[in-house]
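Here chain A shows up in two complexes: once beside chain B, once beside chain C.
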Partner chain A sequence: MPTLTQQQFDPVSAWARYEPDARRPWNFALAGHLYRRAAFGATWDQLQRAFRDGPQRTVDGLLRPSADVAAFNRQYDELETPANDENSSNDLRAWWLQRMIRTPHPLLEKMTLFWHGHFGVNAAKVNSARATQQHLQLLRKHALGNFREMLAGIVRDAAMFLSLDAKANRRALPNEDLARWLMETFTLGPGRFSERDVRETARAFSGWFVLQNQIRFIERERDSETKRILGQEGRFTSDDVARILAEQPATSQTIIRKVYRWLISETAEPDDRLLAPLAESFARKQDVLQLVETMLRSNLFFSAAAYRQRMKSPVEFSLGIVKGLEEAVSTPPLAEALARLGQNLLHPPTARGWLGGQNWINHATLAGRHNLAAALLKSDGVFGGKLNPAAVAGKHDSGARFFLDLFLQGDAEPSSASDAGADARRSAYAAITLPEFQLA
Partner chain B sequence: MTQTRRSFIQTALKAGAFVSFAANAPISLLRAATAAPQRERDTVLVVLQLSGGNDGLNTVIPFADDAYHRGRPTLRQMARGAHKLDSHLAFHPRMEGFYRLYRDGLLTIVQGVGYPDMDRNHPGGMHNWHTANPRSPKTQTGWLGRAADRLWKPGEANVPAMFVGAIPQPFASNAEQVVVPSVRSPREIVSQSLPSAERDAPAKLNQSWLDSLRRATAEVQANNRRIESATSTSVRADYPQLLLAEELRATAHLIRADLGVRIFFTELGGGNIGGFDNHAGQLGNHCSLAHQLSESVAAFIRDLQRDKLHERVLLMTFSEFGRSVHENGRRGTDHGAAQPVFLAGGRLKGGLCGAHPSLTDLDKDGLKFHTDFRRVYATALDRWLGLDSRGVLGAPFEPLDVFKA
Partner chain C sequence: MAEEEANAPTQWIPADAVLAVELFQPKALLAPFGDGKAAAAFAALPGAGKRKARPGFEKFMGVVKYLESELGTDWPTALTKMTGGGLAFALRPQQQMVLIADAEDERMLTQLHEFLWKAASANKKSGSESSQTSSQQVDGVTAWSLGPKEAHTIIGKRLVLSSGFSELQTALAFRSKSGGSSLAATPAYQAAKRAVGPDAAGMIFVNMAVLKQAPGIAKALQPKESNPLVALLFAGIAESVGASNWLAIGLRVQEKEDCLALQVVSDGAKLDPKGPAAFALPAKREEGALPNLSVPRQIAALSMYRDLRRFYGAKDQLFPERTSGLIFFENMMGIFFSGRDMTDDVFAQARPEIRFIVANQQYDPAVGTPSPQIPAFALVLQMRNPAQFREVMEEAWQKSIGLASFTRGQKAEPGFVIDRPVHWTTKYSVARFSTTGVKDRSKLDTRFNFSPSLAMPGNNLILSSTEQLACDLIDAAGREAKQPLAPLAQTHSLLEANGSRVAAALLANRENMVRQNMLKSGGTGESDSTGIDALIAFTEFVEQLRLTFSAESGLNQAKLELKFKWPGQKVAETR
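And now, the complex of A and B:
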């Protein structure tokens, strides 16, 4: 993987606000780019408004929408609440997709999806729809909040313990797996801690149990002795561990690099110097919103180093179509279809989540994406014929290029013969099966 | 809307400074590149899971051993009717297909396969065979998934491994990196016609992954045609009307289409409770499963034999455990330990590999193993797929000497 160095960008100007000028004009393509990364795609009207408002005002609206987001989320929390604990987590998957489509705050869901991949909780292992829902709510609550607080919630989250086979943490039998996952994958990264740190961290978790899918602390199993973790010494509890880990510079490196891959680029690995300005402030405050805001407003974000430099996940691929065509679709079959493409929501393959990038693409998943695109556009079938390309094109102007403009903002040319004069479904299908459309 | 879309787009679409017009390889060139099959010599592994714990003793029957007849007063199979392999062993009477494969040197029986302190619960036992790591039940990937991850190269779109069947994918193929698709029929990976794939327009985007995406899109189209053209051969083949036979027919079809898939994974028994798990009234049920196994696999190998594809294919079976030597008073058997693993394919030496375990020197009424199951896996990984089995299995295991030189 190529490394992005300061030869292309000096760190200060990379993270400075993008202000369009004659050399780097604000255009329709960049508006589409912003909506692919900070949301799940855009409608035609959203692209037009973004073009008129300019980048910074559009980012304002994506970061802090004026709509009553809390009320919307309360309503969905209620709708998705499982009637009983045995209810399948499949309903939760479908409600989540519905939320992603309809939310007035798509960036919040986008970052909730990011954290879901980061902590990699698998509902099949949790085996409790309620605990899974509570986990998802925890992620959403802190998705654009404070990472230290999120981690404090994670170390008391029943789903997390269940997913990592760590439901009993006895003093006599400390659970090193949990400690190892926490340090290696969720915070510090590999090679940034010793085996002793793992053992001592595991001891700090003794006393925590999951009983009937609820987290419980059992006092007599507590290890109240002194522990030494990452050079600090004390009678540490799991809450202390969360605080210590969240404040490590290595943790802020891990998180920043991962958010960089999520929002900016999967094709090139940034060097430490480029990330230094972000790392410093994240290590101090663990403020996710500020990190995301800096990235989304930056020169780097609106540059060639970011543009189309990610592979769309199955969620991004399918919702990009749905959003562009301005309707919601039935999400239980969509969740199933996404699972077949390798992104079974709430069931990531391992606790490392989905690795993304080119891992998404093989002959079967690519054919599967084409077939899902066709199924979404069909006038009947499992998706109920909700999407109507002809109506959308007619509403805005039905030129032959409309769907290339809507979905690709000019990144591909229409082919000579086949697209011209074709009906709307066919033109839409032609646009969303272009290789270019797989890139976010 | 006061502004027309067209005039709007003319201002809005003005390309940014960074949009490159570098010409990529036109699709027509890619089409030529993918037309010829390049994978003719690639080996293919087919792994067949027998869910529920197969009764090895009533599959490969030690008819000459008194202990067998003593242990199985109602379930035993008599020598008469069974297909004798030698003076001690015979295949179940309904397993003629396996017998013929064995006679023709296309089937090897690896006897006494297991591991220390075998887990005799279904989920735990199966999980061990899936992870290939009995000491670490929390292992997050399956051995076939890890093999698939190693077969995959970034930017290449070949599917390294595929599950064929309708049940949820068993854990063995859980991979960290690659997406292992589940298909019921080859139709499912044929994509709808792509108007866009016929485009020869040069790419407007400067993006390092776009070339591989364009190539992959062209390959999907080429694969459509390959699957199409393999259909007639595969449809004509003679398979019995059994679920496993249909899944293996689909597998043969996909192998024949030469898509570059190196690992196929399929299942007999339903994947859940039931299947080979016969604690009561075992006779009829096991008989029909043994028959389905034997006749489906035989039809598969015979089908591949017609165009010599069987020389590129190794099929191996596994089950979570064998069964108790003594029947349990309800005309069934309970969870046991060691079991035979069946290998089928055109490059095998054939015959028996390892001795039949003793029926009197037992481990809690289960047969004692002498061949660790990971030696069978290492054989498939090292000697067949050409992978480093140590990387996949996490430790060195000595492969078995089962292939012709």
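And now, the complex of A and C:
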């Protein structure tokens, strides 16, 4: 078990590579922790392999899997492409869950989910499955890539414009909504720009329209006059806006804080000093993969400051069960169930995404999580009884604690989950409804 | 004949049987197994190779081979010889069952018994927990049991098998009662047998009177349809089943034509001519549904006799809980039909003969092929007063197309362009989507499956999902006008389908179906495609399906005819 807290780290040792030693040994619990954060949970075999391989080799595999990820994603891109430009993105939502379950590169999907929460595009407002799909593909393409390039794509993304009610950006009436969201939520953060910056940025977006669900630039609507944005002056376009915003140190800080919250902890706010080494590096290269790699390999990540310091989102909760039990389930009903638990994929409540943390849990959603767990484990019903705890336990020739080890890696004692001798479905249910399982 | 009746296996089945199957001509039903057609059909099913490769299958086939060598013949011949004199099977309350088979070859029956008895006894000696063989005297004969829920005896050429010694006793007791309270002696069974006719090869009898005593079943059989469209389609059928005391399915085999006909008969009351559901009742003796129209690439056709005016007039009695929805429907229709009364001014204009046709599409290479490929479908009504109603209908149709285009425009989607071309001498209306600017013509949007059309040749009113089908129906209506066919008297519904064309439609959309299955099952695609391929292969076996519903001689009848096409058998494409 990790023993160090955030306060016990200086920035250098916090972000230094974790090397197991007698005081902080590599164990099953840390392997599970890594798979919860960098993936959607692990199978028994993955946990065993991670335990054998050690932390850095396991992180290698998660960052750069040997499987042909491009071929997998091409196949799923084709499968999820709607036959028509439907208004509903429900199938797309279900395909995304399938992809999360089956992908050979779960970290990529995990980070795609992160960016989806960051940019908060709502498919109901986009009203075009194809535009939503293109948005999702944009997020996936840059999820572990370069943030500046991602931002450049975002400012030309039809779904983003539609979701922010900015489908028409006229010279005579610049749309300030997109500019404000872009600065306040997606890059700089609140209080780091002026109203004038918003107005001038809106002018830079003039000429961009979404027509027939496709982005189009209309030259006659462009405001070609000089604009002054964040102290810089020029005949700026939306591409310039993306560049200027990406260059700002405040943007790097916003992104790093969010990724920290996503991968390390949402219970303690890190101080600027702790994040300074990361901010410096990220501001220079805008390399998301490098940022994620540093965090995942770090002493801080494998410490008590990170361990179980996040609340699982409904997606993480449900896919953790599915992954552990080594099968895929029907995802249209799963997507519906997740929506009832507060995480309607492709439909975040606002452009800020989901608040996350303790907001995921209340009396109703906790009961809902238990119901979903029961439904997933049922031998029939909407999920078709595809998850078979008995078969998984039998396959691995496990002992009485199998489901506690698989799902909680020793974080709960047998007495708290009636494991020994109980029916496999009941044992699995007991393990996944423990409070510890709600934590990532 | 009388002697045959007296010795019929059903004479030994108690009258409380809930379900009984009697095979009068087992040989005819087993023929496809004997001549290898059925085996070839199963072998042709996708996944057959995989099934054969399973260890369980191999073990099973080993037992079958051993049995065949013991009996000295192949299993279909053995089965025919052991059941050739007739067979009856019945399910009774409390999960009791009885099976009676009259063999042609008594020796073979004895051989089979001895083989099974030896095998079960050997298991018992080896200490197998599941082996519980025993024998005892039942009603003066020796009976054997191979397990806890089985008992059997052989009396001459007759095998009597039941779910226990006491049930066997009940069956054997009929030997001295000569009919008595057996199933065969009940008026319901006799009426059912008469209704399926003497040429039936077998009959499935459902004792509805007993079945309805089970909690839940009576409730399930209560007519409670609240969906007007479903009520319109299945008028009288649910009511009839709910009111029936028995239901019989007669099996007929026409070996030369590879045709299996199922005739479903029930004694459910005919529709009350004054009741709200009487809209499906042919008004005169010679009236009924019209024969189906025939068009190229036809998948299925449904012909019905439904008085729409009467149906809509009775809506408040039929669907009282739907009143507000129907008022909304009427208000909407009022816009299309310019405030006319739906009952008297619109539905009354249609005669009760209604036809619905589904056909595969032939896509114009110049336009492209959409994905998924949706078959064309059309509704054909007969107008009572074409001169008066034609323009009313044209106006309503154009308004609806305009509304659809407007609604699509609101979503930034392309709308329809209306045209009024002429096919032979019939001017019709069609609404098409423009393909101008469409780059990839190999996978067009689903909308290109549709070119809604309205044609009104003679007194026909054709509402089609595509222009092609509308034109084909104008041709079909022209042929019908030259050679009118008499209605199918007292038949209120006729469904015909062509298995090969259904299979072709499924095949054209295989990829999309696999995709949807993957999503629903969470599968990888391989298992999902096997199921769909099996469905396509099975559909191909059914060359023709014909289902009719009628009310003849006071009985409601459903007749299902299935004509099979065995693998390797070529069927001439009709058009």
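As a working rule, the second predicted complex is superposed on the first by the 427 of 440 C-alpha atoms of A that agree within 3 Å, B and C clash if a C-alpha of one lies under 4 Å from a C-alpha of the other, contacts with A are read in each partner's own complex, and residues count from 1 in each chain.
Here is the rule we go by: contacts are C-beta pairs under 8 Å (C-beta built on N, C-alpha and C of every residue); 3 or more make two chains touch, one makes a residue touch a chain.
Note that the structure is predicted; figures quoted are calculated from it, not measured.
Participant: Overlay done on chain A, so just call it for chain B and chain C: clash or fit.
Facilitator: The answer is fit.
Participant: Of the partners chain B and chain C, which touch A:N84 in the superposed model: first, second, both, neither?
Facilitator: Second partner only, chain C.
Participant: Would you mind checking which one, chain B or chain C, touches more residues on chain A?
Facilitator: Of the two chains, more chain A residues are contacted by B.
Participant: Given the touch rule stated above, what does A:V329 touch, chain B (first), chain C (second), both, or neither?
Facilitator: second
Participant: Once the two structures are overlaid on A, work out the angle chain B-chain A-chain C from the Cα centres, in steps of 10 degrees.
Facilitator: 70
Participant: If we overlay the two complexes on their shared chain A, which of chain B and chain C does A:G234 touch? Say first, second, both or neither.
Facilitator: neither
Participant: Using the touch definition from the top, say if A:Q309 reaches chain B (first), chain C (second), both or neither.
Facilitator: After superposition on chain A, A:Q309 lies in contact with chain B alone.
Participant: Quick check for you: in the superposed arrangement, does A:P249 touch first (chain B), second (chain C), both or neither?
Facilitator: neither
Participant: Just to be sure I read the superposition right, which of the two partners does A:T365 touch: chain B = first, chain C = second, or both, or neither?
Facilitator: First partner only, chain B.
Participant: Just checking: does A:N127 make contact with chain B only, chain C only, both, or neither of them? Give me first, second, both or neither.
Facilitator: So A:N127 only meets chain C here.
Participant: With the superposition applied, I'd like the minimum CA-CA separation between chain B and chain C in Å.
Facilitator: 6
Participant: Between chain B and chain C, which residues of chain A are contacted by each of them?
Facilitator: Shared contact residues on chain A: none.
Participant: Inside the complex, what are the residues of chain A that reach chain B?
Facilitator: Touch list, chain A to chain B: 2, 23-25, 27-31, 47-48, 51, 164-165, 177, 267, 303-304, 307-309, 311, 340-342, 349-352, 355, 357-368, 370-371, 374, 396-397, 399, 401-402, 405, 409-413, 415, 418-419, 422, 426, 429-431, 433-436, 438-439.
Participant: Considering only the defined contacts, which chain C positions touch chain A in the complex?
Facilitator: Residues of chain C touching chain A: 371-372, 411-413, 443, 445-447, 512, 515, 518-524.
Participant: Spell out the part of chain B that touches chain A in their complex, as residue ranges.
Facilitator: Per the touch definition, chain B meets chain A at residues 1, 4-6, 8-9, 12-20, 137-138, 140-141, 145, 152, 154-155, 157-160, 162, 174-179, 181-183, 189-192, 194-201, 203-210, 212-214, 216-217, 219-220, 223-224, 259-260.
Participant: Using the touch definition up top, name the residues of chain A that touch chain C in the complex.
Facilitator: Where chain A meets chain C, its residues are 79, 83-85, 87, 91, 94-95, 98, 101-102, 127, 211-213, 327-332, 384, 386.
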